[in-house]
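First chain written, first letter: the chains are A, B, C and D, and each begins at residue 1.
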Amino acid sequence: MEDPQASKNTLEIVREWLEQMANKLPPSIDDLPTGFYDALLLQGLQVDHAERGRILCTLKVPPRLVNAGKFMHGGATAAFVDVIGSAAIFTTGATSSGVSVEINVSYLDAAKLGEEIEIDAKVLRIGRVIAFVNVDLRKKETGQLVAQGRHTKYLPVISKL
Amino acid sequence: MEDPQASKNTLEIVREWLEQMANKLPPSIDDLPTGFYDALLLQGLQVDHAERGRILCTLKVPPRLVNAGKFMHGGATAAFVDVIGSAAIFTTGATSSGVSVEINVSYLDAAKLGEEIEIDAKVLRIGRVIAFVNVDLRKKETGQLVAQGRHTKYLPVISKL
Amino acid sequence: MEDPQASKNTLEIVREWLEQMANKLPPSIDDLPTGFYDALLLQGLQVDHAERGRILCTLKVPPRLVNAGKFMHGGATAAFVDVIGSAAIFTTGATSSGVSVEINVSYLDAAKLGEEIEIDAKVLRIGRVIAFVNVDLRKKETGQLVAQGRHTKYLPVISKL
Amino acid sequence: MEDPQASKNTLEIVREWLEQMANKLPPSIDDLPTGFYDALLLQGLQVDHAERGRILCTLKVPPRLVNAGKFMHGGATAAFVDVIGSAAIFTTGATSSGVSVEINVSYLDAAKLGEEIEIDAKVLRIGRVIAFVNVDLRKKETGQLVAQGRHTKYLPVISKL
C-alpha cells in the first residue's frame, strides 16, 4: 500500500524544486529584453545551407541548453522545431512566417553537452493558408536522429501585392 | 511567375536573420551553466497547488520569454509542457520523471507580455513504463486556453525498493 | 550477429501478411459505397448528450472494430477522434466542419471487445479559421482513459450570411 | 447575436446525423469478424518494396475508404499510419510490433477517389523498448504529399531467446 507520508514528501519535494527554480536567478534576469529566448537558443548556430523550402544548420550543444543530466533540454529541441521550422517557411517567400498552430516532437535519442547536431528543416507543403514543415535533429558524426518534429503554421497574410 | 531575384533575396534575408541571431549575445553567454534553460523558464513561477498527479502554477509572461511580436514564444510554451508536465509525473511518486518520448502542443491563442497565465498539468496515466500528462495553459483572467499539450514519457526506473 | 536468413524470413513474413490481408475479402467489397467507412465506425453508437461545443456518446466495442488481439483497433480510435471531433465542431454552428489539419492520439489503455466506452468530444476553441477539439475515450464502467486525442481543423467557409 | 433557435437546430442536425449513421447498416454488420477493420483497409493494397526498416505500398483509393466529399477518410489515413507503420517495425525482426503509444497525422492534401497513392513507412529508430516510424502518403503520379504521420510504439517483448 501507498505510504501517505512518502506521498506527502514527494509533493513537498516537487513543490520545493519548482519554487527553488523559480527564485534561482538574480532579479536582473527580469531586465532581459524581448527576443532573448530566440537569442539564447540560436547563439553559436551555423547556417550550412539555405535553399527555397530548406534550412540546414549546425550547433554544438552548449551548457546553457542542457538539463541536469547534461543532455539537450527537451524544451530547447521543441524550440528549434519552432524557430528553424519557421525560418524554412520564410525561405519560400511567404510574407510572414505565420502563427504556430501545432508543434509535435518525437525524442529518439539524447544529444550530449558538446555534441555537434544538425538541424534540418524541410517545408512539406505551403498551402494557401497552412504551411507544414518537418524538422530533423541529427548527430552530425553519425547521422543518427536525435528528434523529429513537425510544425504547422497558419499564414494569415498571403497577399504578395 | 516567381521572380528568381526575389527568391534569392528571401534566402539572404533568412540566412542573415539567423546569422545575426547566432551572434547577438556577448561571448559571456557561453559561460551560462547547465540548468540555465530551466531557470530562465521558471523564474518568477508561483506554485498555486500541488497534489498527487497535478500541479497548478501561475506565471506573468516576462519580457525574456516573448518573441518579437511580444507574445509568449512557442518554444517557451512547449518547454512548459515539458517541465511542468514532468513535475506532475514526479508528484505521483515516480522515482524518476523519465525520458521524454513525445511532446505535442496546440497553440490556441496568444499570451501577451505581462499577462498572467495559469499552467495546469494533470497526469492522465502512469503505466508500468509509460506516463502521459496533459498540460493546459490558460489566461488567468478569463480562463481561455492559450495552449494545450500532451507529454509522454518513458519511465526507465520503476523499482521503488 | 544478425542472421541474414532470419532477416529475410522476417521480410517475407511481413510481405505475406500484408498481401494476404490485401486479398482476404471477396471482390464484392469493391462495391461498398462511399461513406461506408463512417457507417462501419458509427454503427451502434448512442448519442448520450449534445450541447454547443460538446458531444458525448457511448459505444460497445464491436467485433468489426477490434484487431487480432481483440482490442479496439488504433485506427478506429483515431477515426473516432476525427469523426466525433468533427461532429462537436458542427454543434457550434460552423457552416462546415472544415478540413482536417492535424490529428494526434495518445493510447493510454486497451479497450476490449464488448467493453462499453464513452467518447467525449469538447471544442477547445473555434477561431476565425482554425478549430481545435479534444476527444477523450474512456471506459464507461471505471471512467479510466483509453485514449486522448486532439483534432485541429481548418474552417474554409466562415460566412454565415 | 446568436439565434437560440438556430443553435438548437444545429444540435438537432448533428444528433440526427450521428443517429442516422449509427443505424445505417443492416443488423448483419454485427456479424463481421474480428480483424475486419484491417481487411477493409488493406484490401487491394500492393506491396511494392520491403526491406529491413521500410515498407512501400500502393493503393488506389476505393469507394469504401472515402468520405461524403469523395476524398480519402482522415480516419483511414490515420489507420494506414498505424498498420503500415507497424508492418515496417516488424521488418526489423522485432518479435512483436508492439503497442501503440502515439499516432499523429498532418493532413497536407486530399487524395481523391480512384487516385493512386503510395504509402511509405520508414523506421526512424528501434530502441530497446520504444520504436518510432514515419509514414508518408503521397500521390503516385506527382509525388506530392497527402499526409505525413508518426507512430510511436512500445515493444513489450524484446527477448529473442
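By definition in this document, a contact is a pair of C-beta atoms (placed from the backbone, for glycine too) under 8 Å apart; a residue touches a chain by one contact, two chains touch by 3 or more.
Treat the numbers as computed from the prediction; the structure is a model and nothing was measured.
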Pair from A-B, A-C or B-C with over half of its contact pairs in common with A-D: B-C
Quick check: how many Å separate the C-alpha centres of chain C and chain D? 9
Centroid spacing, where centroids are CA-atom means, of chain B and chain C in whole angstrom: 29
Distance from the CA centroid of chain B to that of chain D, rounded to the nearest Å? 30
Please list all residues of chain D that touch 2 or more other chains. 101-102, 104, 106, 152
Could you classify the connectivity of these chains, where an edge means two chains touch, as line, ring, star, complete or other? complete
Quick one: in the complex, what on chain C touches chain B? 102, 104, 106, 108-109, 124-125, 127, 132, 134, 144-145, 148, 150, 152
Residue numbers of chain D touching chain C in their complex, please. 2, 6-7, 10-11, 13-15, 17-19, 21-25, 29-47, 50-52, 55, 57, 62-68, 70, 73-76, 78-83, 87, 90-93, 99-107, 110, 113
In the complex with chain B, residue positions of chain D that touch it: 101-102, 104, 129-130, 152, 154
